[in-house]
Every structure is written in C-alpha cells, then in structure tokens.
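Just passing along the structure, written as structure tokens.
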Amino acid sequence: MADHLLEVRGLKTQFPTKDGLVRAVDGVDFHVDPGETLGIVGESGSGKSMTVLSIMRLLPRPGRVVAGQVLYRGRDLVKASEAEMQEVRGEEIAMIFQDPMTSLNPVYRSGWQVGEPLRLHKGFKLAASLREAVAMFGKVGIPEPAKRIENYPHEFSGGMRQRAMIAMGLTTAPSVLIADEPTTALDVTIQAQILELLKDVNREFGTATVLITHNLGVVAGMCERVMVMYAGRVVEEGPTEDVFADPRHPYTWALLQSIPRLDADAHEPLRAIEGMPPDLSSLPDGCAFHPRCPFRVDRCLHDTPPLEWVGQTQRSACWVTQGGADLNAATARGEEGESRV
Amino acid sequence: MLAKYTVRRVLASIPVVLGVTVLTFLVMHATAGSYVPGLDLNPYLKPADIARIRSNLGLDRPLYVQYGTWLIGIAHGDFGRSLLDGSPVMSHIVERLPNTLELTVTAILLGVALSIPLGVTGALRRGGKIDNLFTLLSTAGFAIPQFWLGLILILFFSVQLHAWRLPWLPSGGAFSSFNGGDVMDRLEHLVLPATVLSFFYLSVWSRFVRSSMVEVLSQDYVRTARAKGMPERRVVYVHALRNAVVPLVTLVGLELPALVSGGLVVEVVFGWPGIGRLAFERATQYDYTTVMGITTFAALLVVFGNLLADVLYAWLDPRIRYA
Amino acid sequence: MGSSPSADGFDKFEEFLKEWSRRDFLRRMGGAAAFTAFLAGGLELLEACGNGGGSTSTATPGKKGGHLVEGNITDISYMNSVLSSDTASNTVISLMFDGLLGSKPNGDLVPLIAESMPQVSSDQTTYTFKLRKDVKWTDGQQLTSDDVLFTYNLMFAPDYKDVNSPHRSDLEQHLTGITAPDQYTVVFKTKGVWAPLLALHAQYGILPKHVLGGLAPKAVNTADFNGAPTVSSGAFKFVRWDKGQQVVLARNDTYYRGAGYLDQYVYKVMPDSVTLVNQMKTGEVDFGTVDPSLWDSLATSDNLNRIDPFGVAIFTFYAYQLDPSKPAGRFFADKTVRQALLYALDRQQMADKVYFKQATVADSVIPPISWAHASAKPSYGFNKSKAESMLDQAGWTKGTDGIRAKGGVQLKFEMITNQGNKQRESLLQIMQQSWKDVGVDATPRLIQFPQLVTQITNQRTFDIFLVGFSFNQDPDESQLWSSTSANPGGFNGFQFKNPQADELLGQAVATLDQGKRKEVYAKLQDLMNEEVPAPILLFNKGLWAVSRRVNAIAGTLGPYNQYSSRFFFKDVWVSDQK
Amino acid sequence: MIESTADYELAPDRQEIRPSRPAQSYWSESWERLRRNRLGVAAGTLIALLALMAVAAPVLQALVTHQDPSRQDLGTNFDLPGRAHWLGSDELGRDTLTRLIYGARISLGVGFLTVAIQLTVGAATGLASGYYGGVLDDVLMRIVDVVLAFPPIFLFIGMSILFRPSTVTLSLIIASVGWGVVARLVRGEVLSIKNRDFMLATRSIGARDARLILGHLVPNVLPVMIVAASLALGQIILIEAALDFLGLGIQPPTPSWGNMLTNAQTYFVHSGWLVIFPGLTIFVTVLAANLFGNAVRDAYDPRLR
C-alpha cells in the first residue's frame, strides 16, 4: 500500500564486525502518514537510531542495509542513487540529532549553516538564505534572530543550538522530520521547551514527525502513535493511548511499570526491568526478550514471534499476548510465573 | 582582544630572545679560544698583528662588556659587523634571506598543497590500497636522511644524466653565474633542493591531515551536513576539511624557524646560498657577531611563527578566538 | 702524469731560463712567454700525458668579448690588500689592483706599477721605485706615489695602528721609513739588509688615496670600499659581490697595460671541491682547481683541458711537540725517535693514495720549485726495519702488548688536525697505522679549526699536529723554524729552538745575493733534514682544469702566480665570445 | 596498517576522555595490542637485531666479515662490492660492511641514550612544573621556551667544539634540545590530570605530594612518555647522522654511518657507490624505529582509545 508518506518494509541492517555479525535492525516494518507524529521507543541499542539512519542512508561504517524497502512517496530509497538520496535528505526528510553540542559545525556561523539547505536544494543565494534563516530563528523562538545568525555555535546554549538544528531541519519545509533523541542531551526545563517547539512545528507546518526516544513520558506527551523496539525488532506498535493503557508486549509492559506514576498506589513497588539488554551479535533463540520476560512460555525459547494484530489497534510480537493473555491482569500470576523459573 | 593578546605574547617573548642571545654568545666564546676569525694558519701572520687585530675588534675585552655593547647595538637596530669581512651582519642576512625564502617557502607551499589532497584521499579511502601506498611513502619520507636523498638526487640528476648526455639538473647554487638569474634558471636550480625539503614536509603533513581528517569525518556535524543532503565533495571540502586543517596551520606556523635551521642540511648539500649555510659556515669560523645576528633573527622568527600560528588558528577556529 | 717529472721539470726550466736570458730574451718577450715556450718545447721533457693545455695560444692574438667563470670553494672577505690575508681575497684583489711588482709563474718578480725593478743602494737597504706615468684609476684619476705612500702608511704609519692590517709588524720590524720624493718615486728604507722585502711586501695592490684617504683609521676596517671597491687600477673593475655566491668583475678598458679581452670575470663560490669539478664538467664553471681524486676522470672530458700539474709551495707537514715540559716533549726530544717515526712512513704511498699521485714526497724543507731548493741529506725513504731498529736503539722496546715503552712509559700520543680536510684526515689515519706497525700507539683526533689554531699558537697542548702551510716565492721560513717564532702566538708552536738554525736563517736573509743565499739554504736544508722537528710529508701540486673555450691560461699559470698575482688575466680570452 | 609519526604531533591537540587512571589491565591490553601489530613486531625485531649486531660487532667481525673496521689496505682501496669486501672498501681500503656494523654502535647507542636522558629530564621538569605550578612553573617553562626557540644547529656546533664528540656527549647534546619537548608534553598531561576527581580525592585524604606524584601522576603520564620515547628514537638517529655528516659529530677514524657518508661525499663522483650503503642503513633503521614507534603509539596511547 503505497499511499503512506513513508513506509518501511522488512528492513534489515547489519554490521559485520570482527566479533561477529551485529543485527542492528532485524526486519522492521512501519509507516508514517502525512502530518502524524510517530514515536519510536526502546533502550539504547534497540536499533531505533539505526533504523532511521538506514532510512536516511547515513549508516556509520561498516553498516549496510541487507534487506527490505524504504518507500518514500512510493519510491524505494534503498535502491535510490546517492545523488537521488541527496535530493531527499534535507529537502524531503530532515533529521535532527541527539547532541546539539557537536552536531553543528564549529567553524561556521549558525545562520550560514541554517541557510545552507536552502542554498543546496532551493537554489537560494547566500543573502536570501540568511534572511530565511533569520525568519526560521524567529519561528523556533531564538531571541533577536538577526543578531544570532552572526554567532558561532559555541556561543549558543544547548537549547539554542537544538532550536537552531530544528530551524535548519525545517527551512526547506520537508514533509518528514526525524528527531533522534532531540532532548536527551538537554536539561529538563529545556527539554520541555524543545518538545513544545516540535509539537508546534508539527501543527504549524504539518510536517510528519518521527521522534526517537527512550523516554515514554516524551512519547505520551507528543506522539499519536508509538512503536516499541527491542533488539532490532518492533515488538509492539499502536496508538499511544491504547499501548499505554493496555500494553500487549511484556517489554512495553515492563517499560511502563518502570515509570513512576503519581496515580500509582503507594504500596505497589516500582519495577526495574531485570537482566541485561541483549547482545545484538549473539541473540538468544526464539523471542529475544525471553531471558528477561516474566511471562515467558516454552515456545518463547525457540520460536521467534512475528508482529501480529492483537486487538483492533495494536500489533505485538509476543506468543503470550497473541494467545489472548492480558498482561496487566496477568501481573500477579506473572510473578508466580517468575518464581516458577 | 586579539591585538591585546598579541602584544602580551610579544612582550612575553622578549626574555626568551634575550636568553637565546646570551646562550649563543657564551657558547661561541667558550669555543673560540684566541682564534681571530679570518686569520688562518698563514705563516706570514705575526703574533703581534693577531694580538693587535684582536684588541681592535674588541675581542680582548671582558665578556659582559662585549655582550653589553652588542645588546646596545641591537637596541638601536644595529646587528653589528661580521668579524670575518667587516660588513654589516644585516647585509649578510638580507642577502641570504631571499634565497632561503625561495627554497623554504617553495618547499612549504608544495608540502601544504600536496599534503592536503593526499591526506584527504587517504582519510576517505581509509585502509584502501591508495591509502596504504601514501602511508608507506610518507613513512619512508619521514625516515630518509635528507642529506643522503640530496646526494643520491645529485648523483643521478646532475652527474649521471650529464654523463649520459641527457638533459641534467644543476647540482648546486641558486642560479648560474652567467646568463643566469632568470626565472627558468632559478627554477632549474630550485628543483632538487626543493624536492628534498618538500618531500619531508609532505610526508609529515599528509599523515597529519589524514589522521585529523579521519577524526573530523567521525564528528556529528559531518553527519548533520550529510543529513542536509549535500554532495559528499561538499561535505568533505566545506564542512570537514576546514576543521581538519586547523591544527595543520599550527604545524606549518611552527615551521617558520626552519627558515634558518630547518633547511640547513639541504642548503649545505646543495650549496644553496641561504641563511642556514651562512650560519653553519660562520659558526664553524667563529664569526660570532654574524652568528649572534642570525640566532637573534631565528629566535624572533620562532616567536613570530608561534604567534602567527595562534592568530591563524584563532581565525580558522572561532571556538578559541577570544581565548 | 707522473709525480716527480714536473718537479725536476722545474729544475730543467731553471737552466732553460738561464740559457735564454743570456740571449737577453726575457727582457724582450717576458718570462711568461718563455715559460710557455719552454712548456711547448719541453713537453717531452715533462713526459706530459694529456695535452699541453693549449699552451701555444698566447702566441695568437686573442678576441675581445665573453666571460669566464672561475670556481673556488672559499668566499672572499676583504677586497682591500691592506686588510686581506687570505688567498681567496688576494686572488680577486690581484685582478683589480696591481702592486708595484708582480710575480711570474716561477716566482721571478716583474714590475707592474713600477716602471722597472727598483734600484737598490749599494748598502742594500734603500729601494727606489720609479712609477709608470700612465697608470690611471678607473675614475680617470692619475695613480701617483701619493697612493702608494698612502697604501703603505695604512700598514706602517703609527697613526694607522687601528687599521686591522696583518702586515704591520713585519714592516715595523724591518723598515725605517717609506718616502715619496716626487709624484712618481717611492723609496723604501730597511733597517738592515733584508732579502724577503720585495717578495713579501712589494706586491700589495695599491689603494686609491683620493677615495680612502679621508677615512679615520678605524673607519678603514669597515669601509664599504672593502666589499665594493668603487675605484680600481687593475685589469678588471668591480661590478657585484653576491656574498656566498659570486664576485663579478668587468674589463677595465683604461687598463694601463692595455685593455684585456674578457668582458666579465666571475669568481664563483662552490660548496665543495667535488661540486666544483662537477660544475666544470657540466660547463657551469670554466676554470678552477681539481680535487686530486677527480684528476684522472677529467682526462676523458670533452670540454675541459687539464693544465699540466706543477709543484706548489704548499707544505703538508706534521710537527713534534718539542717542549720538554710536555709529556710528549719527552718522547720527541730524542732526534732518533723523530727520524725513526719518519722512516716508518711510506710517503710515496701517501702521495699515491691520498693525493692520487698528485703530490711529491718532500726531500727538504724548501719546495723543489724554489730556486733555493736542494735535495738534502738524509732523505727518509720508507724503511720499516730501520725505523724499528732506531727505536730499539733509542731504548723504546716493544712490550707484550706490542707497544714500545721506555722506563715504564709507553710511546703513546695523540695527533691533531682540523676537521673537514679529507686529505689531512686520511694522512693522520695512515700515520696511525704505519706507526702502529712499528709499535707506536698514535691516536688521530680531528678538532674544529679555531680550536686547532689556538692549540698550535697559544695553548700548545698537543703531541703532534698536522697542517698545511703555503709560502710565497722567498725561501725564508723563519716564521716556522726560528726560535723567535716559538714565542706565544708564533707558528713555531712545537718549540723548535736550534741556535744553528737561527744563525743560518739570519744569514740567509741578510744578503740580496741569490747565489750566497742558495748556499746558506743548502746548509739549512741539511740541518733541518737531520733535526726533523716538523717533517714535511709532501709537497702538493697545483691541479687546474680549464674549459676548452678559454685560452692563454694554460702555460701562463704557475705556482707563484696562480692565486695572488693574476695580472696575466688581461691576456686571457675565450674563443666563443660567450 | 601503518600510522604515520605525524599523528604524534596531532595527539597533544586532542582532548578526548581518557581513563582517569590506567587500569591494571591497561598494560596487558596494550601489550596484547602491540603483539597483534605484525608490522610493528617486525620493526621492533629488526631494531633488536640491529642492537644485537652492534653489541656483537667484534664477534661478527671475527666470524662473518673477517675484516678489521680500522685496518687499512691502501693496496685495494675503493674496492667495488665483491668477494673480498661484500659492500666494497673505502678510500683507505677499509671494509664498508664491518664499518657499518660498528657504526650501529654509535647510531643506536646515541639513539637509546638520548631517549633515556631527555625522557628523565623532560619528565622530571614537566611533572615538577605541572604539579607545583606557580613561579617554578613559569621559570622552568621560560627555560624550555629558550631551549626550543634556539636554532639547535648552533648549540650542536658550539657543543661539538666544546666537548670532544662521543656517544655520551652527543647524546647529551641532542637531548639538550629534546628534553624541552618532553617537558611540555608531560606538563600538559599533568595539568589535565591534576584536577581530576580522583586526584582531588587522594589529596583530600591527606596524601603527600610524593605519593600523589609517584602513585598517581606518574602512572598516568607513563603511557604518553612511552609513546614519546618510541617515536623519538628514529628522529634522534637521523639527527645524529646529520651531525656526523656535517662534521660536528663522531669523528673518523671511529666509523659512524654519518661520517661514512661524509667520506662518500668527498669521493662520490670518483666512486659514487660509496654513498649508497651507509645511507640505506640509516634509512632502514630509522624506518624500523618509526614503524615500531607507531605500533607502540597505537597500542599504548590512551588518547587513541
């Protein structure tokens, strides 16, 4: 179905290293529709960043996409030539990165850098691009933009830089904006501001936004849909409310458990996820999560569950929930299950 | 800001320069004994004459007096006169400087001009055949004795080629004595020495550019640049390169003193009439006024070189601009 | 080319000259021409290999125009005859400034600015020079006795003591006064009879009083003139001095002996003797000395002529420490040891291997090219067994380690010379081995030049030093052998003090009669060969090559005019006018 | 694959996070890393062999070349490489190969000794001025400035006249310039480590200076020094050879690679092949030294983690 704005099918990205083959992304499917905001959640190393870098074809060496398609407006970016990709990057799909401190080139003035996409893709002259940059600075809430474009990145605060990055991403009015952990490097108050900004951007420009984060709170605040990744695979996907209200994958469930809730009953203990995140170069057989899974059944040990519809709106990759089990309800028994191990 | 910084640096360098001159002065004197420059083992020289000339030249005065007079001279911009031929030390330096500049600057420019593309290519094709080739060459260039390379080149390009009645290159000097001095002629003489010298610079700097380029290419802002969807060439030459060459500038700036001592061996091997050779000859002849002049000059160059490096650095890398 | 032939060649030349001069030939044709004729005719006598070096060319009249590049490995210092003491400077000076007299290849003096050889008073203490009246400075001024007087006053007059002239004390020692009775007459008065006067002091290039006269004594030392003489009187005039690179001179068209042929003469400074030869091969240099090691390689050169090697008055000698207060002095006080060590050296092999056959074994302290030379007794042919027996009889007996010792002291010492002179380095190393073979432990040590000079002339802390001295045509060698030169600063640093030698040296200079002097020097040479305080190892040779396009150098160039008496260059010309 | 010595200059400019203190495993790890670098190991072995050759020179002379390095044979001087003299003989008929073997004693001797000297002196200076700072720091650093601003050649010329050139004096002479660089390097290191938490912590529990310096600074500075040392060796060998070549170093008859080249130059139109072997020897040795240096750098330099 090519009517999605961006659709990823069976994407596999691998890193051949001397310690073995790392399956960073292992068969990921998802789509983004115009104007919507999708959140991708997961621990570090779950493959969220690699997924988007695969889409942008910006994988660090020696990573390469070994299978799957990335359909943007029906065109497969995996097969696209480097030249075509350059047209897509920055113009169609813009991306902003985790660490604003290092993501701007220290030796060029911020305005120069923010205006650059326009000069690259829209044939702006320098002066024009700078005028546009001033405007964008205004839009992303950088005070006295006319002055600020003269500054070098190191003269900006972290938040300012991230705003500048966003401005840079939006100058060309792309239809997709990928934000890879845009707030992790910032302190809490700034985080809120940046998220607000992203929301406004999404509303104002109608830019579809893919927000990568390990912070469920952020997703809850921002995203219409959420996609949970574990060990390079999508384990659950669905509308944010539904997923949060009724997680259909033990991992999601565990993640939610680990968030302190004000509405939570004081006696209920706060659970951290036990065990270690998996080693991508040697994944366990069956469901990658099973070593840490309190609900694990025998089948989990050798068969890898596919991502299937469970209920109307959610999809999950778990034999247990696909079997119709309700995790929230099952919690108690889950503990017994745990103790059984 | 920068100006103030510069002034501070210059002031700070004065004691350094003084230290250098004192050191030279003492070393030269400790070595000279009762020798009077220029008066060789000539049987017709009488002790009385030598003694008289010594005192005329003031070589018999106490050291601090001699140094003092010299220093006062310097303060008045007078570098004194050569003990060997009585002509102003400055005139020697001024006459030799152009030749030395011709050689060293050519070599440095060649070095920079070639090392950047080489280094970048190496960084981009990291681990590839070309990269390994460059690496090998530069490692060789760093290990080859300049004077030996010089001799080999002379042996082949001037002696052998001429013996084979093929077009050959001059083996020494900066220009032919007759009908010489025109550009082509000077170039002919420049080829061999400049090659030797720049080969060295090239081998050092290309590795340098390569490694800092490799480092820069792994930086986030390079990924950002790519994410903007710009051609790789632009990514490399606009966004990465400038960051990569910043440290190179320092390195090149620090080469300034090489104007005096760096090219020395090459100048000696090729009989290049430069400051290095002058310094070497005069030092071995104990023409200490000349040597003092040159060391002072050299020390100033070092200071100036570091300064220049800093300023350029600041210009290229805004982060430390007002440091 | 054999080593000895040219030596006895010069003896033959002496006879040759006598014969011709009897026919009053010299006065009409000039010694240079005679020398040429001799070489031309005497080639088979010299059994010369190669060619005669275009030696007949002086006969044919030259063509005007063109330039000549001479290569030399040392730069000049002062272009001022009063201040300069080095060969390089004197060479260039003698091209621009004539003296009262000049030297012929064989050392005979000829009048230059003087119209004839000076008249010498009967008591042999007054020399009266008549000057030529046609000598003009390049600025048109007349050169007169004022200029001559001025030049000598700079070296002699008390009020010019501040001038750094290395010639003063000699003049002060021997002259009572110099006067100029009229514009064209100069009179030298000596204290006693002193033979070397003319050879030593009558050849200084005369300086222009009207240019330098105004300067204070100290100012003369640093006058711009010294580096760029604005006015000259010789065959060439100054154009440019690129320090460390070259000196460029141009023809003086108003030269009183007739304008020369060359438009330009270039004195080019070379980094080393190898490069010099190399550039002669490539034609970058036209004329210069040849490193012995490369002499043979030039035989096949298609653009160079080798000038037949001639002996020169350059001594390569080593000196024994004779000061008994020094440890080594005790070894060498014994004449037998000195002689034995000399017997132990195969000097012919030195000449063959170190100088590539281009040097002759010294048989006396006076070079064969000098009129005063007589091959002296004893002559020290290489004789190892004799050396050993002499050392034995001197009481130096071999120990278990093969080193000779006497009274518990080993015959063990150090030999110094200056770093950077290849031949001397090699000689020392050969000496080390030759002496090791007879049980003497000698260690070579190379030191920097300034240090060597200090050690020889002042500190005198050495066991043996090896150096080279170059003398001019007068055979007086007091500077080396006289006990007065043993005083601090003198070159008799090895402290040779021998009344008889002093006596003879004195006698030899106390008469102008060459015949008498020759006799005295014969005695001296025997004495010195007997005493061998500082054995002359070898007499070097002048090895010159010249481009085939250059004429009238070969045959005119000799031991005593090769450097500092270049007035003959006016006759040098180039065939291609380039 | 080879990394160039040039990276060495880069290192000081880099400011990367490094282990606050090399873990015990650091040394074994680094050693492992070094051992895995084939080229590096090969180069190291070659240096070791050359050193062995230098030490065993008399043995080699007796067993292999059967030639005395100083024994002249004027009968067969300028002998072409062949049966009698494998690498030919010089102007006095001395065996080139044997002289090269003995020359190794000079080159490597000076090389190692100089490294040792300039490292100890430099490190001491750097530690002192970095750790105590203040006036001491200023004074020491001014001195270093002077040393580094001084065109070494004059120092070399002067010294070589003052002291009779020998392995020891030459090492001192060369080190008299080199220590300045080390001093700056170490000082920089110290400054960057000095105020790390673990240092403050140790100080806060009242540790003495000695303990701080020896127990904490030195171990952290050590890697940098090892790297500096291994990278300096090649350059020192080059400098020594150049000094000999200029006639400021080891003097004949003692054979050194440098002064053998000076000889060769005198006769290099007469018999050019004399130039080849000494130069080649220097080249190969320095090459090996550099490659080994790089290997060590790659293995031990904490900045390259």
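By letter and in written order, the chains are A, B, C and D; residue numbering begins at 1 in each of them.
Following the convention adopted for this analysis, a contact is a pair of C-beta atoms (placed from the backbone, for glycine too) under 8 Å apart; a residue touches a chain by one contact, two chains touch by 3 or more.
These numbers come from a predicted model, not from an experiment.
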Fewest touching-chain hops separating chain A from chain C: 2
Most remote chain, CA-based centroid, reference being chain C: A
Chain closest to the assembly centre - both centres taken as Cα means: B
Chain pair showing more contacts of the two, B-D and C-D: B-D
Approximate Å spacing (C-alpha centroids) for the pair chain B, chain D: 22
Mean-CA-position distance for chain D and chain C (Å): 47
Rounded Å distance, chain B centre to chain C centre (Cα mean): 40
Whole-Å gap between the CA centroids of chain A and chain D: 53
In chain C, residues with contacts to at least two other chains: 272, 278, 420, 448, 450-451
Multi-partner residues of chain D (at least 2 other chains): 161, 265, 268-269
Interchain contacts, given as pairs of chains that touch: A-B, B-C, B-D, C-D
Of chain C, residues touching chain B in the complex: 67, 69, 76-78, 83, 85-86, 161-162, 164-170, 200, 218, 221-222, 226-227, 242-246, 248, 264, 266, 268-272, 275, 278-279, 281-282, 284-285, 420, 448-459, 467-472, 477, 479-480, 487-491, 578
Chain C residues touching chain D - in the complex, by the definition given at the top: 272-274, 277-278, 291, 293-294, 297, 349, 352-354, 419-420, 422, 425-426, 429-430, 432-433, 444-448, 450-451
Of chain A, residues touching chain B in the complex: 56, 58, 60, 82-83, 85-91, 94-95, 97, 99, 102-108, 116-117, 120-121, 152, 154, 165, 168
Residue ranges of chain B touching chain A (in the complex, touch as defined): 218-221, 223-232, 234, 239, 242-243, 246, 316-319
List of chain B residues in touch with chain D within their complex: 13, 15-17, 19-20, 23-24, 27-28, 30-31, 127, 131-132, 135-136, 138-140, 142-148, 151-152, 155, 159, 203-208, 210-212, 215, 247, 250-251, 257, 260-261, 264-265, 268, 276, 279-280, 283-284, 291, 294-295, 298-299, 302-303
